[in-house]
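In the part that follows, the structures are each spelled out as structure tokens.
The same chain A turns up in both complexes below, where it pairs with chain B and then with chain C.
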Partner chain A sequence: MSIEKRILARELWLAAARPGDIVKPIWFLLLVISMVPLALTPDSDSLAEIGSAMIWVATLLALLLNSEHLFQSDFSDGILEQYLFFDRPLAWLVGLKLTAHWLLHVLPLILISPIGAVMLSVPGDVSIALFITMLVATPALTCFSGLGAALTLGSSRSGILGALIMLPLFVPVVVLASGVLVRAMDGSETLPLLALLGAFSVASAILVPIAVSLAIRVNIGGSN
Partner chain B sequence: MRWRWFHQWGSPRWFYERAGRWQLVCGWLSLGLIAVGTIWGLGFAPVDYQQGNSYRIIYLHVPVAFLAQAMYAAMSVSAVVLLVWKMKIADIAMQSIAVMGLAFTALALGSGAVWGKPTWGTYWVWDARLTSMLILAFLYLALIGLRASIRDPDQAGKVCGILVLVGVVNLPIIKYSVEWWNTLHQPASLKLTEKPTMPASMWIPLLINILGYYIVAAYLVLGSMRAILVARERRSSWVRELVRRV
Partner chain C sequence: MNLEPLKLKIARLSCERDYRLLFDSLAFTLDAGSILRVAGKNGAGKTTLLRTIAGLYEIQEGEVLVGDQPVSEAMHRILYIGHRPQVTGDLSVLDNFKYMAGHDDTSLKFALDSVGMLSYHDSLVKELSQGQGRRCALARLWCSDAPIWILDEPYTALDVSMIKILDKKIASHVANGGICLFTTHQVPTLSEFQTLELGCVN
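== the complex of A and B ==
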């Protein structure tokens, strides 16, 4: 088995051993979505207007919640140090780990979003746009939250610091995604914005793992 | 010794003494410039026909807003120097500039709010420039928070350096996306006053003040760098000697 397959298989086993890590963010997402009509109004017209944006923000928070300790256990039990001895660049291995994280922990959040859309009476075509936007935008968000997790590895009491650091960097993604949703509600062309969002995701997927690997190296060096 | 000018930056003691002298020059120079610019601007520059006297806050607002962004540029230069040449003084510069940058950003937001009330009738609007300034403040805060959470100063410096460089790549994207977002949602409702071109008696004091604030920023950064340097080098002999002399 190649190193890549082994790493992916290990992530899969770990996720299977701790199903709670997958379930809890979904649970959180559904809870936040249920709070919206309670806090605002049960009127479905006003819900439909802000519903997609609310789901988007709630997903963002859920994603931050589950990426906070992305590297923590691998860091403390020395797996990340082992990564340094493979004949692969660290950035590549980090990219694999982020991909596995996206598949196991972020994709479920996206798959649950149509249910949230029904709960907030978001119209059908907008909820499809929301689903596609999330698919296109979450790779960038996963990379950045991974960076937050890697930067705070050496922190003594990191808490939600990783999320606080990374949220400002989410701004372009949030802005473009809201643009797609607004246009979907108008019924106008969304493809150019989705393409831009996709370009941002691709660029982040290529460049951010390099920064993540640098941060991991610094933190491993500092802990000795 | 061709590289002497470069290597001496590695000596904390050399920097401490040299920075003290630079600080003196910067302090007096900025005091003079800001005094001239402010008195001229507040007392003698003509009244704006649209905004009346309230426009005079530009003599504070524009310089600090310039600096809020210039500080990030200076910080990213320090980050490159730190990560490439491992120069400790660059780390100390980064640490000082992050705090000063946050201070200038807060001042720019605060003075902007005070200015916004008489001109726009509100303290805050989600204008593109205001929003990107706010995001900048959060980035400075992130750097300060990240550094505070890591105990080892060398490790903290490198980690912060990575974040600074990620931020510098992202800042233009953030700026443009926010500008685009604003034009999408509320096209040109409020802009920072499209004034007729200012007369010279208005912009010359502004220019003097901008220069003065840049130099006072250098003064503040140098002062804070010296303080951090002494704190980090507190176990070395030259600091002890310094303390004994005082």
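== the complex of A and C ==
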């Protein structure tokens, strides 16, 4: 097996061994969505208006929730430092790990968003726009939360700290995404904003792993 | 299996941690086929030295050369086993090992058999004892083609029979032209090795 295959296979085995890491954020997302009509209003017209934004915010929080574990246990087990001894650039291996994380932990959240959309009576075309926006924007969000996790590896309570550090980077993505949703509700053109979001994701998928690898190196250099 | 003959050269290596000078202008060369035991009291800087030589720590002053390359470019020639478990509790022995060594199933099973863990290959590592977990981590030595082994406290938690097996493995590694650096607080049972005593410089 090549190094790449081994890293991806290990993420799969880990996901199978720790199903809670996948189920918990989904559970959280569904819980938030099902609370909205109870707490706000059961009126389907008003729900339709705020529904897609609620699903977005809940997904963002769920994503932050599960990024906490991205590197922490591998770091304390000494698995992460072994990445440095592979005959590959660390940034490339980190990119693989982030990709696996997106596929195993973020994609399920996106896949259940149509269910959330039905629960909040979001109209069909908006719900499709929501789904596409999430597909396009979450790679960038995954990269940023990975950077937050890597920067705070050495500290306890790293989850909240990482999220705080990364908050400013989330803002442009959320603003663009909500722009797409507003336009979809008006029935106007969404493609330009989606393209911009896509560009954001592609750029962060290329650049952020480099930053993550530097952060990991620094944290390994400061640990025993 | 013969390894490519490599030299490990340490020149003018100094390290300061938390305003304490751990070692200053350390210089030595290890030829293919040599074993070095790094000795010293707790806190003398054994782990720091090993991690610096392995390339995990940024070199503050001096250089570490593997062959004629700086260590940062030659880390794939090093096998490092440190204090941390190096295995994942939630995975089975075989899965952990498949990930670390990446060889085909027969050579993996041979390696696990060598450390006496083959009959446990389906068990989760978190269900094993500490010594058994350590055996799993050490099983990598049987699948490695890295010429330089850096082992930080490899004997911790091992029983007498495993210590013998490990000594034999290290001896055969250096007989094939490898280099081994290790630390231990126990009386080493290896037959031939050099010792580097680290003491507080000031």
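Following the convention adopted for this analysis, the second predicted complex is superposed on the first by the 221 of 224 C-alpha atoms of A that agree within 3 Å, B and C clash if a C-alpha of one lies under 4 Å from a C-alpha of the other, contacts with A are read in each partner's own complex, and residues count from 1 in each chain.
The rule is short, and it goes like this: a residue touches a chain if its C-beta (ideal position, glycine included) is under 8 Å from a C-beta of that chain, and two chains touch if they have at least 3 such contacts.
Given the structure is predicted, the values throughout are model-derived calculations rather than measurements.
Chemist: With chain A superposed, do chain B and chain C clash or fit?
Modeler: fit
Chemist: Between the C-alpha centres of chain B and chain C, what angle is found at the C-alpha centre of chain A, to the nearest 10 degrees?
Modeler: 90
Chemist: State whether A:152 touches chain B only (first), chain C only (second), both chains, or neither.
Modeler: It touches chain B, and chain C stays clear.
Chemist: Between chain B (first) and chain C (second), which, if any, makes contact with A:1: first, second, both or neither?
Modeler: The answer is second: A:1 touches chain C but not chain B.
Chemist: Scan A:87 for contacts with chain B and chain C and give back first, second, both or neither.
Modeler: Second partner only, chain C.
Chemist: Which partner does A:77 contact after superposing on A: first (chain B), second (chain C), both, neither?
Modeler: After superposition on chain A, A:77 lies in contact with chain C alone.
Chemist: Looking at A:176, would you say it contacts chain B, chain C, both, or neither? Reply first, second, both or neither.
Modeler: So A:176 only meets chain B here.
Chemist: Between chain B (first) and chain C (second), which does A:219 come into contact with in this model arrangement: first, second, both, or neither?
Modeler: In the superposition, A:219 contacts chain B only.
Chemist: Between chain B (first) and chain C (second), which, if any, makes contact with A:10: first, second, both or neither?
Modeler: Second partner only, chain C.
Chemist: Please work out whether A:18 is in contact with chain B alone, chain C alone, both, or neither, and reply first, second, both or neither.
Modeler: The second partner, chain C, only.
Chemist: Taking the superposition as given, tell me the minimum C-alpha spacing from chain B to chain C, whole angstrom.
Modeler: Minimum C-alpha separation, chain B to chain C, in the superposed model is 8 Å.
Chemist: Which parts of chain A are touched by chain B and by chain C alike?
Modeler: 221
Chemist: Inside the complex, what are the residues of chain B that reach chain A?
Modeler: 135, 138-139, 141-142, 145-146, 149-152, 154-156, 158-159, 162-163, 165-167, 169-170, 173-174, 177-178, 180-181, 184-185
Chemist: Where on chain A does chain B make contact in their complex?
Modeler: 147, 151-152, 154-158, 161, 164-165, 167-169, 171-172, 175-176, 178-179, 182, 200, 207-208, 211, 214-215, 218-219, 221-222
Chemist: Touching chain A in the complex: which residues of chain C?
Modeler: 47, 51, 54-58, 75-76, 78-80, 82-91, 95, 98-100, 102, 124, 146
Chemist: In their shared complex, at which residues does chain A touch chain C?
Modeler: By the definition above, chain A touches chain C via 1-3, 6-7, 9-10, 13-14, 17-18, 73-74, 76-79, 81-82, 84-87, 220-221, 224.
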